[in-house]
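Multiple structures are listed underneath, in structure tokens.
In the two complexes that follow, chain A is the common piece, with chain B as its partner first and chain C second.
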Partner chain A sequence: METVTSDVVKEPPGSAEAASAGSAPRVYKPEMPLGWWLRQRHYFLYIVREFTALPLALWLLWLLFEIQRASTGPKGYYPPESAAFVVFSVIVLGFALYHSYTFLSLAGVIINIKLLDKPIPSRVIVLSQFAAWFVASVVIAAVLIGFAR
Partner chain B sequence: MRHDVARKRRPAFTHLIWWFLFAQGGIIAAILIPVHVLVQGILGPLHIVPVVDRHYDTWIRFLGNPIVKLYLLVLIAAPFFHFAHRLRYLLVDLGVPAARTLPAQAVFYGGAVVITGVTFWVLLTTAPLSFG
Partner chain C sequence: MAEKRITIRTTRFDPDKDKAPRLQSYDIPFADESMVVLDALNHIKAHVDGSLSYRWSCRMGICGSCGMMVNGIPKLTCNAFLRDYWPRSITVEPLSNFPIVRDLVIDMEDFMHKLKSIKPWIIRKQEYPLGAGEHRQTMDQIDEFRQFSECINCMLCYAACPVYGLNNEFLGPAATALARRYNLDSRDQGIKERLPVIADAEGVWECSFVGECSVVCPKGVDPAKAIQQTKLDTTMRFVLPYGNRDE
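Up next is the complex of A and B:
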């Protein structure tokens, strides 16, 4: 899935001798230019999908920090308010939605369930994943808002 | 010969565990993270809706609930096993073959283990357990 570049193929045994004899074997060395992922839209979207991990990780670390800050007591605690934080969250939300869309769509390819000897269509499986996402989001939002004052 | 064949057919349990964690972390991140970012990162700070982390008293009471602690442990720790794998291979794809090596694996997956430990510690020490 992730492996686009591959290791340099090892030289076959005896290649050094062959090279010294003047008939160098042709060793396949795939070389990817630095900007290979900018060449095609699909390559670019693949790298964006893999990159989503970084902003999501940063946001979760912020959440962990936010939890830890509660230990400072009522006087030391202040909720996040800055415009920079909101902008950061908006950017992260874009990546988060892209991760959700790509990962939940994959379920149709990965999950293979048979019901009464007939395979469940991948579209149904993908739809069930998106439905689970929707229900979970509504429940979590209700809890986060419901326990506020 | 028979011994060699038996050894080759041994299931790769290590791969099984890391792939399981990768997949579970991915699905947890996909289903749970966007709504947290939207509510706690955007709607709350913009005062569009009241959110539990906007006031100390509601936030600390919320964090004291054992179900919330368990949920937050899963929400924060599990995705890092997914992120570790993705970021390691992102480096490989961007031309850093060293990311394939054993030390790199130790750093990335070890990092996920460390974050799991830190999350566990923060959740246990931040708010006292309360069942109310």
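Up next is the complex of A and C:
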């Protein structure tokens, strides 16, 4: 035997559109709840990925400001060395690495290149992106260390 | 031995009576391991409550009619087995991000309009007479677009897309995937007719690559891939001197 229970839930966000004479039937238009990005792990990671760009942008703005200050020469130039700033920089580095990792991992989906009329496997494209990232990082590090000496 | 049972909670909404949707629970027999959520809904409609409204047709994952939210995930209910949920209850709701007409039935007008806007058919500048024979294609040419042609317009990707949920003007995953399907078809010459729609601000550029559309697709289509590749293609057409060539 089947049983039925009426289980009224909290009214979801949304609105009912009343029908006017001769128009389409009335429908209920749901709205996205504010916490939609907490409903699924995939959505949460997406928001984290997007959010990482914000502190990264702030840090880069600071870098531009420092470069501008340093343009007048080393005299009177004191870059911030406080523990709080170092911690912030390390956190931003983590965000930058995460953002770069997600961006390069998705490159295999986006880039569609053919070699000898055959598409290059996305795995090869992703690996080549990471290799290029590694090489670019080594070159930049070498230039910076070279200048520092 | 006690009869195996399962609780199905479904959205109920009567536009003539209700201000907002509500959930109603049905406790029904789980008689057969091969039962799917659609079977449960059919059981409720046949034996418990004939007023329950929902769409379905083929019952074999081809027509794309029976897409609903099953425990919060967009699924074809003909392909969601009760055994994967039992003994937990199952909550069946209408596809997210669409207006609700009644119970589990959504208003798909917006999607149909978007689908039509990308002209999902082969466009030729000049049709050959039938006597000239067929437009031949190699297997490689077919492989270019084959996966995008698997779309069954079930709209699960729209229900999974928070970008569409936040902005209904967004062209969306399935329509873009189908636009790409025809743009990649060697027989088609209609890309310039589709560009104003797909390259619009509410077209591919609205997508921020959540990627969930490709995760929920029951046919293995990758709409996120179609959108990102279209972004790259349209950019190349704009940037490269020969990119906007007549095709």
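The rule is short, and it goes like this: the second predicted complex is superposed on the first by the 116 of 149 C-alpha atoms of A that agree within 3 Å, B and C clash if a C-alpha of one lies under 4 Å from a C-alpha of the other, contacts with A are read in each partner's own complex, and residues count from 1 in each chain.
To be clear about the criterion, a contact is a pair of C-beta atoms (placed from the backbone, for glycine too) under 8 Å apart; a residue touches a chain by one contact, two chains touch by 3 or more.
Remember, predicted model here, so these are calculated numbers, not experimental data.
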item: Partner chain in contact with A:140 - chain B first, chain C second, else both or neither; value: first
item: Which of chain B and chain C A:41 touches, first, second, both or neither; value: neither
item: Partner contacting more residues of chain A (chain B vs chain C); value: B
item: First, second, both or neither for A:123, with chain B first and chain C second; value: neither
item: Partner chain in contact with A:32 - chain B first, chain C second, else both or neither; value: both
item: First (chain B), second (chain C), both or neither touched by A:53; value: first
item: First (chain B), second (chain C), both or neither touched by A:80; value: first
item: Doubly contacted chain A residues - partners chain C and chain B; value: 2-5, 7, 32, 37, 50
item: Touching residues on chain A, where the partner in the complex is chain B; value: 2-5, 7, 32, 34, 37, 47, 50-54, 56-57, 59-61, 63-64, 66-68, 70-71, 73-74, 77, 79-82, 85-86, 88-90, 92-93, 96-97, 99-100, 103-104, 132-133, 136-137, 140-141, 143-145, 147-149
item: Sites on chain B touched by chain A in the complex; value: 26-27, 29-42, 44-46, 49-63, 72, 75-76, 79-80, 82-83, 85-87, 89-90, 92-95, 97, 100, 115, 118-119, 122-123, 125-127
item: In the complex, chain A residues that touch chain C; value: 2-9, 11-12, 14, 16-17, 19, 24-30, 32, 36-37, 39-40, 42-43, 46, 50, 106, 109-112, 117
item: Chain C residues touching chain A - in the complex, by the definition given at the top; value: 9, 13, 15-16, 18-29, 44, 47-49, 72, 96-97, 99-101, 107, 109, 140, 162, 165-166, 208-212, 215, 222, 224-225, 228-229, 231-232
